[in-house]
Structure formats: C-alpha cells, structure tokens
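Next up: the structures, one after another.
Here subunit A shows up in two complexes: once beside subunit B, once beside subunit C.
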Partner chain A sequence: MSVKFAQNPNSAFRIIDGEAVILVPERQTLHRLADVGLRVWELACEGKAEEQISKRIAEEYEVEADKAEREAKEFLELLVKNGIIIPQSE
Partner chain B sequence: MALSSPRVSESKTAVEEKPADIYSWLLATSWQKLIPLYTLIELTGECNLNCRHCYLTAEEKTNKGLSTAQWFELLEQLYHSGAFFLSLSGGEIFLRQDLFSIIEKARELNFSTRLFTNGTLITRDVARRVAETSPEAVEVSLYGALPETHDWLTGVPGSFKKTIGAIEALVELGVMVVIKNVWMNINWTEAERWLSLVRRLGALPRWCVNVVPQNDGGLSPTEFRMGDEELAELHRWELSVERDYDGAEGADSNPFCGADSDGVTSRSKERVLGCGAAANNCIIDINGEVLPCAQIRISAGNVTKEPFGRIWRDSRFLNQLRAIRELPVSGCVGCPYLEQCVRCPGLAWLEDGGLALRSSWACRVARIYSEVEDE
Partner chain C sequence: MAENILLPRMNIADISFLLALQNEGQREIVEGYLDHSEALSGNIYKIAFFEHKKYFNRPPGYEPTYESPYYYRGDVLVHYLWSQTFFGFIDLLVKRGRFFFSSNKELFAEPFLRFCSAWALFGDAGLMFHSAGLSLAGCGLLFPARPEGGKSTICSLASGLAEVLCDEMNVARRRADGWYLWGTPFWGDADSGSRISQGFPLKAILFPHKDEKFWLKRCDGSSAVIGILANILMFGRSAQVGREAFELAWDMALNVPTFDFGFVQSKDLVSYLRENLVGKICTESQ
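What follows is the complex of A and B.
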C-alpha cells in the first residue's frame, strides 16, 4: 500500500518568490524548496500518497512513470528524513 | 520540465542546504521584494514586573492593546504580505487571556513564532501549551545570575525563581529557549556566572549593552548604562568567551535587527539605515501603529484604519526611509572604530536627534571596544 504524507504540523513555511522556505522548529533547521521539489512537497502536504504524487509529477513534468516514481520516492524520503513531512498511518 | 533536469537537483540539494545560505537568500529576496519578513507585534503594554530600565512609558504600561479580532485580522494581512518570522512581544504577553488563541491563529497561518516573555507566568501547564504550538523559540529576559540582582532590577521579589522555573519547564519540553540580558552597571559583574547558568539550563545566551531610552525619549533607563572602564572589562570577558564558546548566539546577535541588503547579517554602520528597518523588518505596536523598528517610534500608519499591506508599501514615511537608507552618515565614513560599531539608527534618533546622525552611545562603545582589542 502506498504511504500517504502530511505537512509536519510543527513546521512553519512561506512561499517566497516562488520557492518554499520551511522551518522545522524542533530541529532548528531551515529548508528551501523550488520547482519540482516544491511540487512534491505541496502534493505531500495535501495528503497525497506516494503513488499519486509520482503519477502527478510524471504528468505535470512529462517524464516516464518509472523515473518519476523512483525520483519522487527518493525525494519524499529526504523530506521525511529532514522532518519536513511526516508519513501518515492509515 | 523533465524531472531529471538541473532544477530537480537544485531542489534536492536545497533540502540540505546550509542554513546560512538559505538565510542569505531569504534576506536578500525579502529586501528586494519588500517583504516584511521579520515582524514584531506588541500585544500588550501591561506587565507584571516593574523593571527599572524598562523602555515603556507609564501610559504604555496600562495599554491592553488591540482586541483578539483585530490581531486575527492583522495576522491575515501580514500573512498576505509575506511576513514569516513573527515575534510576539509586550509588556508581558502571558497577561493576555487570549494569548494562545493569537498564537494558534499565527500557527494556522504557518508563521514561525518567537515569544518574548519574562517567564514568570509560565507554569508547567502553560509551558506544555507553549510547546504544543511549536514556537521557533521562546526568548526570556534574565537580568543576572543572582536572584537579588534580577529581582532588584525587575522590582518584584521572587521573579528570578519563577523565570528559572519557566526556562527549566520549557527546555524539558524541547522548546528552544533564548535567555536575553542587557548588561548594565548593576549586573555586568555577573556575566561569567550568568553565562554558566544559561548553559546549565540548556538555553542559548544573547546579550547586549544597549540600555535604550524610553519610547518617548525619556532618559531614565540610561542611568543604568555601564561606564567606560566597565565596558572595557566586559568586552575583555566577551573576547575570552568568543574564543571558548561555540554557541549559535552571543553578544549583540539579535536577528531582528541585522537584515542587510546583501543578505549579510552584519550591519553597515556608516549608512543611515544599515539594518532591516522598513526593508524587511517592522513592528506593529499596542495601538496598531506600524513602526519601522522598535526604536524608531514614528508611525507609518495604523492598521485599525487602513490595511497593513497598503501602509507597508505606500507609506510616505517608510518610502522616505528606504530612499535615505544607503546615504552615508556624516562623521561615520572613515571612522577608525567602524568594525566595533553597534550604531542603531533608532538610538541615534531617540538620543542624538536624528536618524542620519552619529549615535553618541555607539561611538563610545566602539571606541572602548577598539581600544580593548588593540591591547
């Protein structure tokens, strides 16, 4: 089953000049996301599942499905690792 | 755009980009786009302490501030203007019964929040509620290492103990606490012990030596300023601390003031406004007046009468400040003490009669610090 995600509720963010600036207070870290990375994060924050996210990325950026799936998965893992998003249990 | 394009790599790299690089970009962008990135709101003038060096006037100390609904409306407007780092200040903010409603509203709008407090009203239950709102930091004032010193300065016996209790409770809950201090002729000899206490409490230290006049220009707080010899001795200690201490904060490192046009946090002291005032910093005071910073108490407009965004963009006063900010300050260009200068244009305005003038206090501190560093 594909994992769903959500914004880390502790985080704060702003979209500034088309890029997301995200603060994770419990880690005192600041992150910046642009372009595809920003889109993946937005979809994750909307509660979309990994599968849905990679599908949307493949459509919106016109890339092959397996490439989108692989890269979206990798990026989502990075977002989770940095506490920017959190996986949701069903 | 293909997923494998360079932009994807940029996006990926950005997650683990150095915070300093992100801050630099953020400061430069907010400056260029005129975004009030750092905004401080003064929720109330009321305070349960009676600090001898307080900059609030007697009249301000009885002012309860705007209503909940007015703050809610303002937060929406600030959000739409791009404000992000929101400091909640007073008076003592925990005197407001609706404080948590305001904080929660700010968090709903995804503001990063900093709470300025004396800590005395933060019980363990209150600390838990604070932690639940995930503030970026809670900034607590602690004016000495000894209860008698702090309590004398706050005018309230027992305040030291309560403040320490609040810090312990917050730190225990994982909240980042910054302990702030102003070194004065009353407390500076406790610097070493104070820093040890801050470290033992698991908080970050921040201090300065700028005892500022009252908001109406009253000079009574400045009686507590350190003398030349005391400043020199304190600076010798600061230099030894800088060598030993690897903390993220320290002397005169208020992030609220230091937003430079180049995205550099050091101030360009020979310019009229070498800080972020009116560029990416502003304050909304207890009456809803929009001020360029905490020291320049000249209103650009009132948010109860017109939208914040219009004031921020179109105020004649703010635009005048923006126009003169890069001009050199007469008497500062070529000054041999610029490196150590802590000139605050607001202080120059309050004490020396003009934003574009030298700050006599900054000149004095810079000269003494320079002499110490040349020893």
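What follows is the complex of A and C.
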C-alpha cells in the first residue's frame, strides 16, 4: 500500500512568484520550495499517495516513470524528515 | 507625534509568561517580576527586577548539590535554584538606557527586556528587528542584520546626515495606512543617536552587505520574507509567535519595497541612498 501524506497542521505557508515559503514552527525552520519540489509538496498536501504523486510528476514534467518514482520518493522522505508533511496512516 | 511604545505595554503577566517560553522544551523555568522603580533625577528612572530559576519535577539523574528552598504547585514539587536582582537606568524622555546584571551583565539583563518588549509588541502588529534604523527626509529605512552585519557602521556613517533611530534594535508596526518605524532604547555601539520618539513611515527595507561599491538590488518576494523573518527578535520562540511573525512578515514584504544593499564604509552612504532610493520611493509622502 502506497503511503499518503498531509500538510503538517502546525505549519504555515505562502506562495509568491511561483515559490512557497513554509514555516515549521515547532522546529523553528523555514523552507523554500519551487518548481518540481513545490508541485510534489502540493500533491502531498492534497492527500495523494506516493504512487499517485510520482505518476503525476512523470506526466506533467515528461520524465521517465522510474526516475520520477525514485526522485519523488526521495523528496517526500525529505519533506517528512523536516516536518513539512506527515505520513497518514490508513 | 510623540508616542511611548514600549513601557506602557509591559506588565508582570507578560514578563512571567515570556520567560517561561524562553526555556520551552526544557524543564527549567525562569520567572521574573518587576520589583520596583524609582525616579532619580529629571527623566532618569531606576528600575529593578527580581528573577529566579526553578526546576519543575527533578529530571532523572538530577540531584541538587546544595539544599535549595522548594514549594509545591499543586502536586508538582518546585525547587528554587537561585535568585538574583538586577537593575538598570532608563531615560524616559530619550527612551534609552542600560541594564546591569551584577555577575554577568551580558548574560541576561538586556536580552530579558528586549524579549519583554518584543513579546508585548507581537500583540499589536509590531515586530522588533535586529537592525539599524534611519530616517532620511522623513522616510523610515530599516536595515535588518545579524551581529557584525553592519548595523553600527551604517549608523556611524549616517550620523549627522540622517536621523539615526537606533543602531541595534528597531520596531516596525503596521497601521491602517501602512508600516511605521521607531527606534528603541536598546542601542549597540553607537555613542549618540536620535532623541526623537516619533514613528516614521517605513519606506524601504535594506539587507546590508559590506562591499567595495554601493549597489541596490530589489529582492524577490520569498527572499524578502526570509530575510525579514531571520532578523525578527523572538521569531521561533514558540509556534504561536512564529505563525504571528510569519503573517506579519508577509504583509511587510508585500507592502514595503525590499532590497539587498551593498555599501562601502564611506560618508557617501547617505547621499547614495538619497539619490538612488529616497528620491524615488518617498516622493508620495513628501
């Protein structure tokens, strides 16, 4: 079963000029996302599963499925590690 | 318009709560109380604070090395670790002063009061910045920077040519008609500065960079917000404060032009700003 995600409910964000600035208050950190990273984060916040996200990235950015799957997975792990998104249990 | 923006907003509840937040996530709690104040001469007041540090419920492995007083708060055993009084002198007319901590004045006294002021300001759309503040032709200019970032240098170069609001901490507050800038009593290395307590319309935010020539470069939106947040006092001390500061910083970035500012250590600094910035962005307010 592919993992689904959600936005960290404590975080705050704004998007300006195609970039997102995300505050994770409990860690006192700010993050800046753009381009594909921003899109991955948006899809994760919509509650999409890992497989759905990598598929959408492959379609929208015209990259190979294997590469999209591998890089989306790595980036999602990074977002989770930094408290920007949280994995959802079924 | 003169306005005393700091002292009326401080009260004991704010101070106590604030200090508890300073050690959030640890088990140490510091509480402070305004002990007394007395007029000395003219506008000079002496203000004394009492503060003490406590341990709530000893953490595993912790054993006091001396017998310390204790009391119960509900079921919680609270130990006093130490207590001390510190004091300072403040000139209420000029709104600047110095506070002293008998054993290590750098450790606690001034940060304590800065935090008190910053905390009180958050509730009124106000942000306290590590920054230099100038008023040039009636336009407030804010230079947010970390230590050694050029704050005192900029104020020194502007001395006598512009109104120096403060070389260490300045306050920006949002009002119905825009953002305004004030100095604070918390000065850095500058020997002299403004006696003005008036707020000036905040017309530009400039992130200083020491360089070999003068230059200005407009910041993009997200860079502006990150630069603003990085220099707000107390940002990140709690989730609540962080979110409030985040929203205010966005408002500021959207409504006040923001620049990276390269500068040379030269008295030409003010004339450069006058010709390349103030003359353009302050036209509407003149």
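Methods note: the second predicted complex is superposed on the first by the 90 of 90 C-alpha atoms of A that agree within 3 Å, B and C clash if a C-alpha of one lies under 4 Å from a C-alpha of the other, contacts with A are read in each partner's own complex, and residues count from 1 in each chain.
The rule is simple: a contact is a pair of C-beta atoms (placed from the backbone, for glycine too) under 8 Å apart; a residue touches a chain by one contact, two chains touch by 3 or more.
The structure presented is a predicted model; accordingly, all values stated were derived computationally and were not measured.
Asks: For the combined arrangement obtained by superposing on subunit A, do subunit B and subunit C clash, or do they fit?
Replies: Clash.
Asks: May I ask you to decide whether A:12 touches subunit B, subunit C, both, or neither, giving the answer as first, second, both or neither?
Replies: both
Asks: Is A:21 contacted by the first partner subunit B, the second partner subunit C, both or neither?
Replies: both
Asks: Which chain, subunit B or subunit C, ends up touching more residues of subunit A in the combined arrangement?
Replies: The partner making contact with more of subunit A's residues is B.
Asks: Considering only touches as defined above, state whether A:30 meets subunit B (first), subunit C (second), both or neither.
Replies: Touch partners of A:30: subunit B and subunit C.
Asks: Shared contact residues on subunit A, subunit B side and subunit C side combined as an intersection?
Replies: Dual-contact residues (subunit A): 10, 12, 14, 16-17, 21, 23, 25-26, 28, 30, 32.
Asks: Which residues, counting only subunit B, touch subunit A once they are in their complex?
Replies: Those in contact with subunit A are residues 1-5, 7-8, 10-12, 14-17, 19, 22-23, 25-26, 29-30, 33, 35, 82, 84, 107, 110-113, 134-137, 174, 176.
Asks: For the complex, give me every residue of subunit A touching subunit C.
Replies: By the definition above, subunit A touches subunit C via 10, 12, 14, 16-17, 19-21, 23, 25-26, 28, 30, 32.
Asks: Could you list, by residue number, the parts of subunit C that touch subunit A in their complex?
Replies: Going by the criterion above, the answer is residues 220-222, 225-226, 229-230, 236, 238-240, 242-243, 246-247, 250, 253.
Asks: So in the complex, the part of subunit A that touches subunit B is made up of which residues?
Replies: Residues 9-14, 16-17, 21, 23, 25-26, 28-38, 40, 57-58, 61-63, 67-68, 71, 75, 78-79, 82, 84.
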